[in-house]
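Here's a structure for you.
Which chain is which? They are A, B, C and D, in the order written, and residues in each are numbered from 1.
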Amino acid sequence: MQVKENFTPTIVAFCCNWCSYAGADLSGNNRLEYPANVKIIRIPCSCRLNPMFILRAFQRGADGVILCGCHPGDCHYTTGNYYARRRMTLLFSMLDYLGIEKERTRVEWVSAAEGAKFAQTMNEFVEAVTALGENKRLEDLRCKQ
Amino acid sequence: MQAVIKKKAKELLECGTVDRVLGWKAGEFFYDLTPAVFTTPEEIDKDFVFSVFSGANMSKYLIEETKKEGKVAAFIKPCDSYSLVQLQKEHRIKRENCYIVGIACDGMCDMGLVREAGIKGATAVSEKDDKLVLETIYGEKEMPKEKALLERCVHCKSKKVVDFDEMIGENGEENPDCGRFDEVERLEAMTPDERFAFWRSQLSRCIRCNACRNVCPACSCEKCVFDNPDSGIAQKAAASDFEENNFHIIRAYHVAGRCTDCGECSRVCPQNIPLHLLNRKFIKDMNELYGFYQAGADFETKPPIMNYTTNDAEPSVVYQRGGSK
Amino acid sequence: MQRIGVFVCWCGSNIAATVDVQAVADALAKEPGVVFATNYQYMCSQTGQDMIQEKIKELGLTGVVICSCSPRMHEATFRRTCEKAGLNPYMVEIANIREQVSWVHKDKAVGTEKAIILGRAAIAKVQLNTPLIAGESPVTKRALVIGGGIAGIQTALDIADAGFPVDIVETKPTIGGKMAQLDKTFPTLDCAACILTPKMVDAGQNDNIRILSYSEVEEVKGFVGNFEVKIRRKARYVKEDLCTGCGLCMEKCPQKKVPNEFNMGLDNRTAIYIPFAQAVPKVATIDANYCLMLKNGKCGLCSRNCTAGAIDYKQQDEFIEEKYGAIVVATGFNPISLDKFDEFAYSKSPDVVSSLEFERLMNAAGPTGGTLLRPSDRTHPHTIVFVQCVGSRCDASAEKGKEYCSKICCMYTAKHAMLTREKYPDTEVYVFYIDVRTPGKSFDEFYRRAVEQYNVHYIKGMVGKVVPEGGKLKVQASDLLDNRQIHIDADMVVLAAAIEPDKSARPLATKLTASMDTNDFFTEAHPKLRPVESPTAGVFLSGTCQGPKDIPETVAQAGAAASKVIGLLVKDKLIGNPCVAKPNELMCNGCSSCEKVCPYGAITYEDKPFRGPNRTTLIRRVACVNPAVCQGCGACTVACPSGAMDLQGFSNRQIMAEVDAICK
Amino acid sequence: MKTEDMIKEITRISGGNPAKCMKCGKCSGACPAYDEMDYHPHQFVNMVLDGRIEELANSKGIINCLSCFACLERCPRSVEPARIIEAVRVVTLREQGKNHLKPDGIPAILDDDLPQQAITSALRKYAK
């Protein structure tokens, strides 16, 4: 695949309010850098993430979407991330089945104490998506400028 | 078979067990049988048809029919019966308002395959042993029935009617080794590029006629998200590649865990898109990752997507399994 | 269109050093709906807050976006600020440009650009915000405790001491539970009855506590602060208010062959009975399965002899309905049935006993009056073998036993071994263990005393089989450390049976819509941070219903549960979180998908009339969310196939607007 | 075969999982042939886990195990030592030339208490 020079992917990170958003805050507190093209959207729980949101992000020009939630067993709402885990597994598998690069989607469990893991995860994910290049397979040309 | 069914339908009306009968009648042609409601024995005599083209799944129509006053009888094939149970699980069908006659089934046919076999100008169909006998304007023609079976009947998952008040014919068994996932496996073995090309070639034919949605028993929402301007994804046309993908992914996702794999979506698609392969992918994944589950097989089990165990596979399992890079 | 004000904070130099705050304010001022944008050194300072309030009033702002630190820091602050200025607090959104921008990006141009995008996303969201008003519900200042063991008693006492009325529902004729059956308690060896019975008396005499013994919870309706509970008072055929507990009826009762459950069936009681001398309430109960009068209509001796006239053979089950603000589950445990452990000959020999049976055999009020005698021939045993982990720590796929460690067995076995050796130094005591687990205050010291001071033989290994032969129990076991098989001719074998939640717990959980794990222990709202609350609001957990516990832990948890209940009951009303799920009834299919994933049981269904075509009325099943119970996780919104369920404050359209703004 | 492969093969054939063992020793406590075996059931489990297959293959244990399944029946962890011993035996015997029992040798080891079934199963297990 041809990688455009200076390609900076657009990454949407959905973070659950209780663990991962706090984890992201912690990486800020600790001044741990990660690429600026990662933009975080706060959701109450990873189980709030509707697959429609992921498709929407790709439609509007995102190159990668990542969901961060509490570690299984630690969900603020007890069971939310268990549902999210099944939903995302099935959705990612379906996207892969349609030939859409599976590396563009990811789920990571990041606790409120894992600021370093948050930054590292974002660095790795951005790197992986950059290597893939622009999202061509789920783009909507009508949404391109 | 038709004679027995018609007799039963009339009997149910005459003895007052039911007020209406849900069945099939001929459409424009003898092979495009459409669901219809009959209220008198005379109507049944005149219009009721049951043949190898009675593929339509009757369960969805019971949602509206059982809301009405009085009782309705429906003839339910094995694959329809799974949808019937699933819809009851979802509180959509009032079981007390319907009388279910289960009918044994050895497969429904696809007129396209009859034509492909070189039989043109057909005007009527009947069955003789394991052959289809077609009256055509060029005389009587025969072909083996198995050559004309719908895809879903070739890979029939079950010949068992799971919920009925009475049976016509002998109830059959489930067939777990029906090979219905073979085609999904074939796709999984492709490279992502090949899969992408395959699905583009299929989904790009979509004309957004919504036939798949309208026929699907699981797609029986009061208002579909695609028709609801507040959903943020309402769309009437397959205006772009994305919309084609989006519609079918969301549709398959919305019915995941509730889809009984009745195959109606693929049967009615005017563009012959193998939509069942999307649903079966979800079913196969759920079976492999969370244990076997057949929607509509019973009244109790939770669909895997509304359930969990604490040691489920992580989403990263997708990177490891299936499809080469 | 909203009238939005944007306030960009410098956070001193925390933000301003790496983000051009002026440029951010300028860029955001151009966004649709934005009528005002500014920046200031410290938005959270009094001056900053005053400015926000001033602008809300001056410009009639309907929405506010604050670009500042994390919402986890100051969202609540700014919501209060805006509320004071007359703006609905849920019309405020925060763009996190400190933790997510200035602190993680060094390049000012990059930071400024990202801050603008995050600001845009917040503006896009505010455009779709609607004013939300938190619901209020009153609190019934009365608590229900289900289960009258030490956990239930302690919880009830603590709640009652705080001044709130409490009902204890106990299915047995008396409170006291398992602790009443114990002889001594580890690690201090206090007599269980000596420390428990005063508490039972306290509970019986406390004006705020009503004990509903011989009763069961039949039905639970309502939600936190407003439960309505129907309680079945089982017919005990004795009028509680008249019975004096004199015990004359028990002396006269001719049916004396009823297995005595309090003594684990090791002796018999009468058909009319008071379980034990210190029972509370001390009221007789007739066992309908054995009473000759109730079975055949012939006898009536107890009635004739009762001077108080308390016997009533015609008594029926009664139902009472009561309102509660909070419910505490304290249903406790039972040892598992040992029927499946035939290798230990439990069902073949009366001399193979469970540990709880052993407690009774050692107890002064037990069937042997406190002298340790073999059940079979009432002789003194000279060799006793204790087997640990019977039915605990089993594999899930093994057909018998439990996966978890029952936690208390190591300690009570050490206690039994020690007490036996102390009272009967001529008795040889063997303990077969897999691991000895003694994490607890003074626990390991206690175990070591058993080994060092009392010469109890601790053998690492398991008993493989026990065969009764010639009045002895032939015990075959492995000694893993010596790598040999050993054979002991024992007089008694004591099995440390695993404990399991009481059988009543599962149906009770269904009534309470409280969740359980696969072992039927109640799940806590958070395994670390909310260990005494059930995920179902208003339902609290006390004691072993939540997991295996010893007495000190049970009492600690009981007190913790009580303090949570008191914290709830002191409130006059509950103010909910308005960011809860809300179904659009016009689109709801009533399919129950949402209900299946709700961890709180907040969703119920109602048949509601809707206008159909041609002036008809259609009755449809639709979901209803109880905002007092919903915690706003959003699991239901994704489960809903028609998109009828949405989450206020995080609606589908709001999140998609944010996505759009970010991806533009 | 390499040791890891042996472990895998033994685990596969036995259908059990030696890693599940919690070292309680109930298997050896239940074993009626304990004194006849140089390595005892619990040791089998642990040694397979440690990869000490060679020692087991040459042990009396694999021959003297009665396959009475008492250990399998009693095992609380579903490790089922009898199956693991059987698997070690099978893996050993599948190697050519390692037959331990020949029809001619049977009369010598027969005694009156030996059940018919044991002879048949012994022949099936120890001769190929």
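Rule of thumb we're sticking to: a contact is a pair of C-beta atoms (placed from the backbone, for glycine too) under 8 Å apart; a residue touches a chain by one contact, two chains touch by 3 or more.
Not measured: the values here are computed from a predicted model.
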(Q) Looking at chain pairs A-C and B-C, which one is connected by more C-beta pairs in contact? (A) A-C
Q.
Need the central chain here, defined by C-alpha centroid distance to the all-chain C-alpha centroid.
A. C
Q | Computed distance of Cα centres, chain D from chain A, in Å | A | 51
**Q.** Intercentroid distance (Cα basis), chain C paired with chain A, Å
**A.** 35
Q) How many angstrom between the C-alpha centroids of chain C and chain B? A) 45
Q.
Going by the contact rule already set, what residues in chain B reach two or more other chains?
A. 225, 231-232, 305-307
Q.
Can you list every residue of chain D that touches 2 or more other chains, as numbers and ranges?
A. none
Q: Identify all positions of chain A at which a residue touches two or more other chains, and write them in rising order.
A: 51-52, 56, 73, 79, 83, 87
**Q.** In contact (per the touch rule at the top): chain pairs
**A.** A-B, A-C, B-C, C-D
Q.
With touch defined as at the start, can you tell me which chain C residues reach chain B in the complex?
A. 586-593, 596-597, 605, 618, 620-621, 639, 641-644, 652-653, 656
Q. What residues on chain A touch chain B, complex-wise?
A. 51-52, 55-56, 58-59, 72-73, 79, 82-83, 85-103, 106-107, 137-142
Q.
Which residues of chain C touch chain A once you look at their complex with the stated criterion?
A. 70-73, 96, 98-101, 103-107, 110-111, 113-114, 117-118, 121, 515, 523, 525-528, 535, 579, 597, 599, 631-635, 637-639, 647, 650, 652, 655-656, 658-660, 662-664
Q) Which residues of chain A touch chain C in the complex? A) 10, 12, 17, 21-22, 24-25, 27-29, 31-34, 36, 39-45, 47-53, 56-57, 60-62, 73-74, 76-80, 83, 87, 119, 143
Q: Would you pull the chain B residues touching chain C in the complex into a rising list?
A: 67, 89-92, 218, 220-225, 228, 230-232, 254-255, 258, 302-303, 305-307
